[in-house]
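The structure under discussion appears below in the form of structure tokens.
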């Protein structure tokens, strides 16, 4: 594997709330290489979004990044000044948000928002920036891009808007794009349109992509590698085929077997019992222990450390599932 | 997680801000003072038998002929300013409270009706609301009082007329949102009677914004009443509100007899600040988007 | 747009009609202006003669009929007191009020919006609390009391500014304005401040609430994620969004100031329409009161129109197309 | 056997006509027109006792509207809705009441579907008391029983909705529906807002309740996987119309309508790895101004000139499969 | 030298004949002069007429005009102008209160020559001079009339239209003979006048005078203290103490002819606002009226409410005016006697009473009413105050809605005759009597005396009749005078002025001390 574009080590992000400190991201480590698509999956509240924001340095009060390092092409972003970080955002790392309805500023035209992004990072004339913007729109398959530039976000459908956001992300040819559930709010047909565009573009440009989602089926089709998050930690990572076909963490298996199509019609699903814990009072040991069918005393006492397996996989579990299962 | 009712949550959130607590306590004290004015006030300033013109215009702290001490001085009629203020507070609060509660009642019923009925009922009500709101409150009150004449009751009527529209609009807007929510659909799917859905399900959920506006409007009502009294069309001279006391004292401002206007002014200011602080805070708590 | 105009005008017409009718009959019920106008020495015969001369001997509905007939010819009646067409009387006072209102609003906006944004962006900072405390006090003090205090402080004790009146005026396009001469301006400052303090508190509160809310929106975070400078994020993305409610309220408030100026004009002897109204109510000068009313409604409608148009400029989602309930 | 629910040619059209001001403006030459949204357009289907009918379609195609008409919170603007063979218009008050209670609904948003200011006991038990199914004094026990059935502890009865997680709320919503002893439950995207693991739990619960009480479901969803899992028959909707209906096996194994095929082809699946997505083109049209002819023709890979003009009905084809596609039907002819 | 003055109210027009009201008349005195003048105590002095005499039957008055008087436009003042003025008086378009009453008594007005005016009356009329002192003389030519003028009661031949007040407000017709010339009138803002260098009398001191209406009393004082204005009228009495002690301010004050009085409802049965009398109207009982008078401590009101700025009153005009009886002394308040009288009248436990009062018309009006209420309550009459704005008050009073009300009367130079005929003479439209007698007091004996006095030209006899009438009023408690207002003015230190009994602010008398 080439040198990773992004490498996150032991990232910890905490929120100081009135009721106490919440550790939303708890020692997350991950790597993405050029042209690679890393899927991060996990249930709601598992810390996927916060991980993304932490990488970008966009954690607001009362939150703070409490530890770890974020290396982009070997440079530690946490050591950068605010201004330097701002220069990087949108240029070297771009982010795509979940809800296309909320992401674009409703009172500014598309061209304003695209041009301001370009001119924040490149010293180009306004008209050159406009051309760049039009090109980017054309790239993501928006018909008649020059006219589209003059419209306001609300004049477009959700799918169109998400394409604009993707165009903005691609415009400056970043090294890394973080996409936070960008298709969850869209319809199946539109979702697959966008997935197909993304797939093509990433391959062309060799851009690293982190795709955050709660939908394993999307990850299955898109990602090269997958990281599964639970309660702020990555509990399992690995290449997509290996991880989905032979999950080692009971949680990963639980997620897979919760998908209706995973069992034949008429059979009962085998869901994970219980519900996601509140980050405020996590159990002492493994956070998944209370819901885990394989949990032992050890699991309730101690937190499992990360084990790296030979096959490019890693795991945090005392009682991993056997390969054969 | 136990017994965490919406009310308790609200109270807990409220207590989290020391400023709001102080203002809330201040408001409570003010309300109690007004409520028990008859017991607390050293004198009944409306009882002409109790006041003596011989004790007129005394400086604060002076002892009058009857051996009565005027802690905040007296006005030219020999009225104890402290008592006058307490009673004035009572009038001010009573006027605004009655006016706002009535306005809430009227506005709520009409707003709910508009939201639930739609069609021409809604159009009619909302057009009247628009008209009402496009007109400055003070002006409406002024003209109304000019045509109705003076009196506490008339001021209240004027204030209700001025304020109901705010509530009607708020309630309708909130109710339209609530009515579209699935819990209302569920209630309708369960074939609950219409009135029960409106008053049992929708109404409690539109109360928070109404409460917020109500606090603001109480402050507003007090201020409008004060302004009306200042302009000479408010409450009658014999039952002065704080505003009227200030207006009367205005004549004395330059005379050195500052206390006739100054203390009522301070009392009014403190009351309004307390209400507004509490109102602001309540709004912050109830606004889900401001919540962390 | 056309329907919107029609709706607006229809509404205005309705208000004018209703209010004019109520006030017409209301003032009739209050009393007889002749009791005030006539010299007390006048004997009964003379009183009757005057009543007849002013047309007040007719039954009220007949008087109303005359009024309507006059209205049809664009005649709003003639002041009982001043023997001038009511409209002309009011228009001659209008510039003073407009000048006061606009300067007041200007001060409120120029100071209020930045202060409110500061308080909204850093709600926990001490200076924000000071701003908010100030605005609560400003918002809570009755207007007339503020006016008195301003006079006491700046005119009586410090002697810096005059205590009331309008001062020298210069004609601009035939309209007398005072802000162009030093003397006029010095007379204008205190009353304008009196108007401004309350409005400013209001603007601060609105801006703060708006800023606090908008700052949490996805599109603001997205703007930062694109690497835009804080100045641009705050000055364009946040500002443009909070201007919408501020403009709406201010529009209504401008109308309010024009009508509300009663108090300020009384305290500062400012020769505007507010004072004219109060005096006319006091003298039961019905034509003036009724004309005043119709003119204010008209003004309100015009202002609301301007506000709505400004609104649609600021917020492309709102089209002045008709629906507005 | 008469079907429990039968819809014949049912439609819902939302009309907003110009108001007075707009009409006056029209006189002056402006052009304000009546807008008609045909949210549901001539849908016919039946649901038998104990049957699960899955209803699939893209956003805005009228699924919810259809569901709301079935539970009776909206009155159809055209067509006939019959319950146990009796048409809505012919129902006696009793029959009507019975229909109202026997059809209940479960909603998508677990936050909005429970009144935040009521305790669970009241949320679940209120309607039963009002309709005289139980007495007020029996409410506690009744609600306790229902809660246990949906897998909640009976002592959550005195809690408020915000004290629950999404999945638990959904269970409360189910208990509320159960309280009226329904025969048909309309699930409008009832699992879409939940986490996968919770989705599975709720799906299982639906299955269990069906086993226990023999409910019929109208299961509205855009999640093909879930529908495939739970439904006996499936109906596919596009822009207010049914385009295909059939048993789950038929539809999923052998879809006939090009839209159904596209849907199935695009649905991401666990076993489709690294495949390149080949999406259906175009945007979802608006019901405000639907395309002429077959509404799907602008996006249809097979569209011919005939599709641009002819409006296909839902008709039985060769093997008894019902689709609304001119091409399919031509084949028959 | 320019002078700026703050007035409490603004004239409705600068047309001297448009509106017979205080501010108009005060403003008029700067620019227009009358045939005869009134001095500070309202005594008659020569003005445009240098001298006059009455015929023996008292029916013909001859005025000899002053020579060499010029209007501001340079035209000469002649008898023609006076005749024109008389013609215009009843015909001012839309006048809300015309001056017609002042020439009503004149049967004919003629000009035997340019410098003489002859007036005849139907009956002897002693108040003619006072009437003629009350209106300013306008210029016929400035009003667009150049030919000769002939006055008749039914209109003036050859003149069919008259300028309306707007022609005066813009200055075109505001041409008088007075010490100041019109410069500008901006309603709500200012009236500016400039010195008339051709004035026949003493040259006025100020080159230019600006009058600004500042209706709010506090604001007026503030304006003076801030140096915006040099003189203000009606500073609030409560501020006077402070103003007197302020070295930057000089306070001037003078007795006025304005009496503040209580009027009883002499007719109503039951009378509005009275409770606890079984429907009877106690005000009809002299003993009750006496009791009320005795219960009121006038000096205390003067001291506490008026800050000493008033003179306790028993008669309707102050002593320095015509027709008062010096014998009538102030009575001392006597609470016990009041209670006794009440008991005697059959009200040992008193009754309930409402006093009506305006709250923005006279100095401290509603405060006085409150003090009265307090005093009556002490005597056993539970009294409430119903205070309201003047417009409402006068309408209600004129509808007889009060059994006791507070009001004021500023007597003209006619002295006692002025309040007698307006306030206590029986209402009689034809005779022009009882115009403001809203207590509907009616006493035929009194009426007879008043009528006789009003047709007696001979001064001594006229005054004696007035004294008789005043005694009856006092004895019968027809009306209850409380006090005479003393009018204060506040000026910048170093300036002084002459106070006037009619309370008019005439700035020509302002001068350095």
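Every chain is named by a letter (A, B, C, D and E) in the order it is written, and numbering of its residues begins at 1.
The definition used in the following text is that a contact is a pair of C-beta atoms (placed from the backbone, for glycine too) under 8 Å apart; a residue touches a chain by one contact, two chains touch by 3 or more.
Just so it is clear, the structure is predicted and the values come from calculations on it, not from any experiment.
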Count of contact steps on the shortest path from subunit B to subunit C: 1
Touch-network distance, subunit C to subunit D, counted in steps: 1
Quick one: which chain's Cα centre is the longest way from subunit A's? E
Between B-D and C-E, more C-beta pairs in contact link C-E
List the centre-to-centre spacing of subunit B and subunit E in whole Å, with centres computed as mean CA coordinates. 45
I'd like the Å distance between the centres of subunit A and subunit D, where a centre is the mean of that chain's Cα atoms. 32
Measuring centre to centre with CA averages, how many angstrom lie between subunit A and subunit B? 52
Centroid from C-alpha atoms only, then distance subunit D to subunit E, rounded to Å. What do you get? 87
Which parts of subunit E, given as residue numbers and ranges, touch two or more other chains? 218, 222, 225, 360, 389, 392
Provide the list of subunit D residues touching at least two other chains, using ranges where the numbers run on. 19
Which residues does subunit B have that touch at least 2 chains other than itself? 123, 149, 232-233, 250, 253-254
For the subunit D and subunit B complex, residues of the former touching the latter: 19, 68, 71-73, 97, 100-101, 103-105, 107-109, 112-118, 126-127, 130-131, 158-160, 162-163, 173, 176, 180
How about subunit D: which of its residues touch subunit A in the complex? 58-59, 165-168, 195-201, 203-204, 207, 222-226, 228-230, 248-249, 262-263, 266-281, 283-284
Using the touch rule from the top, collect the residues of subunit C that touch subunit A in their complex. 124, 217-230, 232, 236-237, 240-241, 244, 314-317
Subunit B-touching residues of subunit E, taken from the complex the two chains share: 217-218, 221-222, 225, 236, 238-242, 297, 300-301, 304-305, 359-360, 366-367, 370-371, 373-375, 377-378, 382-389, 392
Can you name the residues of subunit A that touch subunit C in the complex? 53, 56, 58, 61, 86-91, 94-95, 97, 99, 102-109, 116-117, 120-121, 152, 154-155, 165, 168
